[in-house]
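Pasting the structures in now, so scroll down.
Presented sequentially are two complexes of chain A, the first with chain B as partner and the second with chain C.
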Partner chain A sequence: MTRKLANIILLFVAVSLCYGLQVSKPRYGDLIGPIPSRGRLGDTVVGRSFEVRVEKVKFAHNLKVDRFGEAKILTTGGVWAVVTVEFAARAQSMTVAVASWRGPTGLTYDQTERLSFTDGLLPVAVDPGLPKKARLIFEMRPAEASNANLLISEKLMSALDSQAEISLGPVATGSDGLPAGTVEMLDMTQPI
Partner chain B sequence: MLENAGSRLKAWLMAGIGTAAAIAVAGVMGAFGARHEPVPVLAPASRIETGQWLLRPLKAYVTAEKNVYGAPLKSGGKALVLELEMTNRTAKSTKDYFEVLQPNPAIIDPATKPFIVLTRDSTLSPELHPGMPERMAYIWQLSDGAAPPASLDLTIIHKTYKQRDNLYGLPGWFNPTPIGVLMLPVGSGPDTADIQP
Partner chain C sequence: MTARVLDRESGRSEQKWGRRSLWSLLLLVPLALAIEAYDSVKALLSDDDLFPRRVAWGETARFGGSDWKLTDLRGAFGMSNLPPDSVPVLADFQVKIGNPDLQNLWLGCRIMLIDKDGRRWSPTSIVSLKTTDNVQTCISAIFSGAKSGDTLNLRETFLVPKEATKTIQPAVGVASERPHFLLFQLEKD
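This part shows the complex of A and B:
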């Protein structure tokens, strides 16, 4: 009788152990995902092939750009965020191509595709010993501006490659719901 | 002999009851609802949810203008333009809107792919960002000499989110299925008024 009971208990233990293993198994997407290297605003974040430092973040209602020699104003339904960063290549020449802004709620805003004709945007080619500044421009809902993370990687499918994950910290919100210090117009034709 | 016949009858009865019960259970679970039912007709003034997108049709018109939101159209031809408000419902910026709307092949040749333009600054097929409604224009080049249609019939395609797809184990939007048909009146020019909700 005790032997039977012991067998049944052993069976249950084995079933729950197997179930636990199945549930806690890491998914393929997690296994081959990017490898984060974390930092804060102003830190130099070191990845496998590049280093990056975020200098400043500015918010604006409109952007002034130069499209084929004529000035153009880009409006948005949310708010523009312009991040100035400095890249450095580590061992060989490389290109940084992808950046996205992950807000506090997890919504991920890719770099805008509306300014593809402006200088200083990604993709940026960087050579060792020659650090280079670049602008990352995002369009987002005002609520996603505070406590955001900036994700920067070499290419879109950065499987098993490092991804800089830079915490941008809290941003005060003004009375109109926009981040404090949001300017009416930022001039993208100015050098970085 | 008689006894034998009785047990045979019993067996037949049991089998019959079992089959009937199985069919009834399948019916209750909706096995017969999976027939191809005609997709519903959607109201033009409604908000349409397609999984990734929230759509609000605004207006459809035919125009002979050469420059429609900067789309590279052939000169001399006419274009059918659909303007609508699109909101990305997902958590990521995406441009997976090329197959959301499928016009009736009687009106537009399925081989004609539309130019999809952000009307705000005429950017051709940009990524749309989560939770930010944008006014977009779908521009189909009409074939030369084709009479402009009186109504634009569109099939709306819905996709389903899967946490892990079967091939790569990665999240994504799959299984396009039609959820409804939308019929919009086609106006005669860009000044056509927006559809009010």
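This part shows the complex of A and C:
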């Protein structure tokens, strides 16, 4: 009788152990995914091949851009976020190509492709000893502005390579639902 | 009686072989790992310029089927619109083509500058200086249709910080020679 009971208990333990292993199994994408190096606004975040520091984040209703010598206003139904960053290459010349904005709800916005010819957008080639500033521009829902994370990596498939994950902190929300300090127009034709 | 002796003997020989098998694992497991990893290690090594082959100033070196010679390395001072404390550097090579199969031998051609700390600069696109028609880059030379015995003039432009200019050395890597690469010594070295 006791042996039977012991066997049943053992079976239960085995089943729950197997179940635990199954549910806690990391997905393949997590196993070979990017390796985060974390930091905050103003910190220098050091990855394998590059360093990055976020200088400031600005929000705007409209962007003024230059398209083939002609001024153009880009409007949005959400809000524009313009992030000024400084990159530095570590051991060799490299190119930073990918950035995305991950909002508090997990919605992730890739860099906008509406300003394809503006200076200072990714991809940015960086040489060792010659840090370079760049602008990352995102178009997003206003609710995604606060407590966001900025993800920056060398290339799109940064499997097992470092990815800078920079926490941008809380942003106050104005009465209109937009981030406080949202300006009407940001001029992208100005040097960074 | 005889059966028991046979039994004991076969038991002993079984034990002996069991021990031998266990000891052979010491050899077989690392061997299996090595065979398994061989291709990956080869791919990893052939992807990077790891081991320098030094070339003295003014000397010619056989590399990727051709003879390479560094002819000049100089800074282009006094240019405007550049990041502060940076200098464009021009590296000139003269290459006498031996084996004209450049599309295979020079695949992944990479010319770079290396300083004393091991930092590596790739050619820049920020600075573009006018060149004469017969000057090519490494990549354009691959498709130039050069024949055996031709001499090509290659030039690459780099942007390096001023503090690094004192110790930089030009280097050349091609896929057919990796993980080895050429590291050119300068006149003063």
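We take it that the second predicted complex is superposed on the first by the 192 of 192 C-alpha atoms of A that agree within 3 Å, B and C clash if a C-alpha of one lies under 4 Å from a C-alpha of the other, contacts with A are read in each partner's own complex, and residues count from 1 in each chain.
The working rule: a residue touches a chain if its C-beta (ideal position, glycine included) is under 8 Å from a C-beta of that chain, and two chains touch if they have at least 3 such contacts.
Just so we're clear, the structure is a prediction, and the values are computed from it rather than from any experiment.
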Could you tell me if A:Arg114 is touching chain B, chain C, both of them or neither one (first, second, both, neither)?
first
Thinking of the overlay built on chain A, is A:Lys132 touched by chain B (first), by chain C (second), by both, or by neither?
second
Figure out whether A:Ala91 sits in contact with chain B (first) or chain C (second), or with both, or with neither.
second
Under the stated touch criterion, which partner chain does A:Ser146 make contact with: chain B (first), chain C (second), both, or neither?
neither
Interface residues of chain A shared between complexes with chain B and chain C:
none
Would you tell me which residues of chain C are touching chain A in their complex?
83, 85-86, 112, 118-122, 124-126, 158-161, 163-164
If we count contacts the way the header does, which residues on chain A are in touch with chain C in the complex?
91-93, 125, 127-130, 132
In the complex, chain A touches chain B at residues 27-29, 72, 74-75, 77-78, 100, 106-110, 112-114, 139-141
Where on chain B is chain A touching in the complex?
91-93, 118, 120-121, 123, 126-127, 129-134, 164, 168-171
